[in-house]
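As written, the chains take the letters A, B, C and D, and residue 1 is the first residue of each chain.
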Amino acid sequence: MSGPDNEPLLAVIGVVKRFRGLTAVDEVSLGVRTGEIYAVIGPNGAGKTTLFNLIAGAVAPDEGEIRFAGARIDGQAPEQICAAGIARTFQIVKPFPDLSVIDNVAIGAMLRARDMQTARAQAGDILRKLDLFDKRGQKAGGLTLPDRKKLEVARALATRPKLILLDEVMAGLRPTETDRMVAMLRDINRTDNLTIVMIEHVMRAVMALATRVHVLHHGASIAEGAPAEVTRDPRVVESYLGMKAAH
Amino acid sequence: MSDLLAALPARGKIALALVVAALVSAPLLVDRYVLSILLLALFGAYLGQAWNILMGFCGLLSLGHALYLGLGAYASAALYVKFGIGPWAGAFAAIALGVAAAAAIGWLGFRFRIEGVYFSLLTIAFAEFARIGFDNLPWLGGAAGFFLPVRAEEAGHWHNLRGGPIFFYYLALAMAAGALVLSTTLRASKLGHAFLAIREDAQAARALGVNVTRVRFVALFISAAMTALGGVFIAFWTNNLFPAQIFDMSRSIDIILAPIIGGVGTLFGPIVGAFLLVPLGEALTEALREFGLNAPGAKALVYGFLLMGIITATPSGLWPWLARKLGLMEKQP
Amino acid sequence: MAHRTGLIDRRSVLAGAGAAFASPAIVRAQEKTLKIAILLPRSGFFAQAGQSCHRGALASAKVLADLGYNVELTHVDTESNGDVARTQAEKAINDGAGAIVGAFESGHTLAIAQVCEQRKVPLVINVAAAPQITQQGYQYLVRNFPTGGMLVTNGLKLVNDVARAANVEFKTAAFLHANDTFGTAQRAAMDAIFPKLGMPFQLIESIAYDPKAQDLSVEVTKLRSINPDLLLIVTRAGDAIKLTRDMVRQKFEPKAIMSPGSPGLYDEEFFQAVGPYADYFIYNLPWANPKAQMTRALEASFKATSPKNRFDLDSFNAGFTFEALLVAADAFKRAGTTDGPTLMKAIKATNIADHVMIGGPIAFTDRGDNVNIASASVENLKQTPTVVFPADAAAAKPVLPMPSWQGRT
Amino acid sequence: MSFSLYVEVLIQGVLTGLVYGLMALGLSVIFGVVRVVNFAHGEFAVLAMYAAFILFGLFHLDPIVASLPIAAAFFVVGYMLQRTVVQPFVTRPQHEQFILLVGLSIVIVNALLLTFGPESKHTDLSYSFDSYSLGAVLVDKARVYGAAAALVVTTALFAFFRYTLTGAAIRAAADNLTGAAVVGLDVKRLYAISFGVGLACVGAAGSIMMALTDMTPMLGPSLTLLAFTIVIVGGLGSMAGALFGGMLIGVAEALASVIASPSIKSMVSFSLLVLVLALRPQGLFGKAEA
């Protein structure tokens, strides 16, 4: 429970985003408490990534309010939001391809490090946690997709956020790797009290990690609650899991 | 300086020391013709590095760097001729004017999200705009040119950049070396890493807390300031300025050929490129003369083919390839 | 190789001999030939003019040899690039050039001038009009070419002379010029000099055009709306063609079109392009004196070296390039050495009465200008540049006012 | 007088602008599809002018008529050039493409200089010096014919893109490259055709320009800049935009010449360019990118 007045760490209040008449996010509200692992799920096109973009400042909402650690952040630039303590990963990974793996992460660490040496040292620590340390000298562009996913997480973690937005970081990982990632995230969540908001299709990870789940459908919230609860919600089953089951 | 040494393997350090020693002692070893070529190569290396900070490090392709060169040249020359203010003070004015122009381009470019090829065309437009503007500026001679007095009694006034070719040679050497140290230091710094991040992926850089607009401005300012300083060199070295020559598109192209051929984004690429292209031009002139081919244009024709050939064969420039072959690779820390 | 002919001016020989005896500097062995490097922009932006000068240089070798001068000419292309001009000047001096001739363009000329100054090798300028060249303080250069101010002063005076000779009166004039190095220098001279000369006509408008313009139709339309009696123009080679074409198309017919000194109207390409419409343009500039003996010699050699040229001579570019070489050769003959300071002293003491261009003897002021260069009025008649004034050099009478464009064949 | 002056200048601007618009259209097509900026564009225009000059010398072929065979030949040149030299650069960074094309432009200029010399060349046409009079207003015949020819070529091109399968495929590739590849279009071939079409435009335009004016090998860079300005103002990738941009630049420069001084007329086009970049980066006729 963060803040003196019990305000959640991240509060999204009635946020609306339209693209050319299409409402991508339709009056979504949610609150994430410090230390939570919060999952956002929903079928493709439900507006999950747009919601992340709104929180991370990549796009500004048309209506509504986003608050973080007690202050309004909607409409702020991505770098300001990152400095405030929200890090993000991209669903379509965006490594710095021509730079080494360690430089990729060090650039994230730069934000709060005095100099490059410190940043690089911090980057090394994070790479160790994510089993990427041996590949630190390689160019990021040459990594395999799973490694690039991990790099994406490493870079975000390097900014030492209070809250991290993970956009489908499990997609494309092998089950063993998924498990390792899940373990690592849970570990960081516990030891550093890092709040995690994740978009995830890999239900195995969602069920394993999430304390609460929020379901979007056509841009609107249709359910929120504990994972087990939500998966039993008929609307959710119909909209999302139902679709999956139909496959 | 320490960053520069840290960036090199042992072999590279030795090679660098040898090259520096050779360049420092060159006025004793070579004749004036060779020295004049070396001077051009050094100055080309300097300008190439200035451009490389913007493009190679930060990913902004400027095709109008002649703008800053011309503004710097005219600013310092005008202060000297019209108000008797020496070039050292003039250099500040030159830098200020260059940075002001960069600010205008940056403001338009970054404020209105003019990116990629559009940004490049914006830089060309500004340079051309300045060329025509100065052509029509009678106060500074307009198209008829602006001239600095050359008085024999001032020959030794180094403090006013009045000196012979050896003086300007060492000045060019110092500028090129200074640019190398600056580039290396920048590249190793947080700012330099912010440049690189933006070059690689601006959106990702933003998400990691890099203020892309501000950092791009800084890169643009550093590059423009260095280039404007180069303009001061040109003004006092050549003693005459013509808008059609100093602001010309071909000048901008000359500035960027060396770093691209040498290797964009590398520390030594602009230097290697300049030390390849300048002597290459001279060698072609000589070779054609040896063959008895006195046909104007033949040299440029071969030069054009060579440019196409080099850029096709070594996409990322000559230096990375050369460094690999010779084991002089810049270390990836 | 060298034939002694009666063409050498006795006075200059005597003067040279006198200088040689008077000069204590001649201590080294007497060199037999002077190597002269001719630096011209034969490729790049100024290629057209550079190659025109080059033809003059080619024709000069034989004439100079026939005159008994021992010179060896090397031809260097500056590629219309100041940096190349500079390094090639260094190269030429390394290769033994004792004097340099060039370089058509003012910026390139100054780049070479710096090298020559430092290496104490004389530079004889064939063509370059920026007045500042001789005002910057260089000791090792002379210019056998008028400054913009001289061109305009002489040119405007000739406008009056020719008008009077043809009994034509102008009330109004407009001035159209290219906004390049040369044109702007001319404009500055015009602004300074015109009010002082008390010309009998009014200059109602000066128009600068972009030298990179693809056509001059709007410029001509503007002129038409002003409708001056006299059109004064300073063009570049190709522009004269564009200008003429648009004037004919727009039926713009002032009483006369005159140039107070500019290239373009006498070039072969101009006649090729506009044919009969090239006629009756008048340009007042230094010109090879068709009646001088040396001009004929140069013409003969020019025919041999540039057989494709329609004219006997590129009278302007070739004439000045030859004279620059003549100055160097003559000074060498008098000095008897390639030693730079001595040679330069001899060049400054130049006094050549018999030469090619119209005007007094070639001689230089302390700064290095030749103020004896005169201008002639040359009119295109039957598609051939013809001297029409002054009378002693004239081959025909001026035709004024200009006949209509229509009905020309 | 004053009124007819403006009318005349406007007409000149529009007519000349149409021809330059056609040249710029070539740049637009190449960039729109291949995503390579042809920095040798002006040099190709000059090359076409020399081709028209030669055809005129050999067969006394009017350059406006010659624009057809020259466009065809330039199509082949463009096709081959894309297949051999440019294709490897399609995926490479912009500055490397730049060097390649700058190298190519240096080659073209100096090959022309070596072959034809620096003097300007022209063609002697029966109507070279003629004009139509409409009251006080005079209009050059050459310009009228040139503009008409430019319109015809543009219309033909428009029909090609609208009504042929290849044209539709190129438009598809311009809109969505991956999509085009997915549905099985041979993208390399489309690139080559686009480059060919682009050069055909500049070939036709250059040939037509030979009827309007004269040329030297050094004309290239200013034509390249002009083409850029037109295309940016009109909108990269828009056919109507290129023509309209040409006319707009033509008229703006003409008016600037009359109102201010002809020597600053390019400043007006560059100002327009900067304005458009800032306020409507997709150009006046371009579609906003999603």
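One rule holds in what follows: a residue touches a chain if its C-beta (ideal position, glycine included) is under 8 Å from a C-beta of that chain, and two chains touch if they have at least 3 such contacts.
Predicted model only: the values in this text are computed from it and were never measured.
Q: Consider the contact graph minus chain C; what connected groups of chains does it contain?
A: Result with chain C masked: one piece.
Q: Report the chain closest to the protein's overall CA mean, measuring from each chain's own CA mean.
A: Looking at where each chain's C-alpha mean falls, the closest to the middle is B.
Q: Taking CA centroids for every chain, report which one is farthest away from chain D.
A: A
Q: Consider the two chain pairs B-D and A-B; indicate the one with the greater count of contacting C-beta pairs.
A: Per the contact counts, B-D leads.
Q: Where the CA atoms of chain A average out and where those of chain C average out, how many Å apart are those spots?
A: Distance between chain centres: 76 Å.
Q: Could you work out how far the Cα centre of chain A sits from that of chain B, in whole Å?
A: That pair's centroid distance is 43 Å.
Q: Any idea how many Å lie between the Cα centroids of chain B and chain D?
A: Here chain B and chain D have centroids separated by 32 Å.
Q: Distance between chain A and chain D based on Cα centroids, please, to the nearest Å.
A: Centre-to-centre distance between chain A and chain D: 49 Å.
Q: Give me the residues of chain C that touch two or more other chains.
A: 43-44, 47, 50-51, 179, 208, 210
Q: Counting only residues that touch at least two other chains, what does the list for chain A look like?
A: Not one residue in chain A touches at least two other chains.
Q: Could you list the positions in chain D whose residues touch two or more of the other chains?
A: In chain D, residues 110, 113, 261, 263-264, 266 touch at least two other chains, as defined above.
Q: Mind giving me all the chain pairs that touch?
A: Once each pair is checked, the touching ones are A-B, B-C, B-D, C-D.
Q: Could you pull out which chain C residues touch chain D in their complex?
A: 43-45, 47-48, 50-51, 179, 207-210, 212-219, 221-222, 224-225, 237-238, 241-242, 245-246, 248-251, 267-269, 272-273, 275, 277, 405
Q: Contact residues on chain A for chain B in the complex?
A: Touching chain B from chain A are residues 56, 58, 77-79, 82-83, 87-88, 90, 94-100, 102-103, 106-108, 110-111, 113, 115-116, 119-120, 137, 155-156, 158-159.
Q: Would you mind writing out the residues of chain B in touch with chain A in their complex?
A: Spelled out, the residues of chain B in touch with chain A are 188-190, 193-194, 196-197, 199-201, 203-212, 265, 332-333.
Q: Please output the residues of chain B touching chain D within their complex, sorted ascending.
A: 55, 61, 63, 108, 111-114, 116-118, 120-122, 124-126, 128-129, 132-133, 135-136, 249-250, 253, 256-257, 260-261, 264, 295-298, 300-301, 303-308, 311-312, 315
Q: Can you tell me which positions in chain D touch chain B when the two form their complex?
A: So the residues of chain D touching chain B come out as 31, 37, 85, 88-89, 92-96, 98-100, 102-107, 109-111, 113-114, 221, 225, 228-229, 232, 261, 263-264, 266-267, 270-271, 273-274, 277-279, 281.
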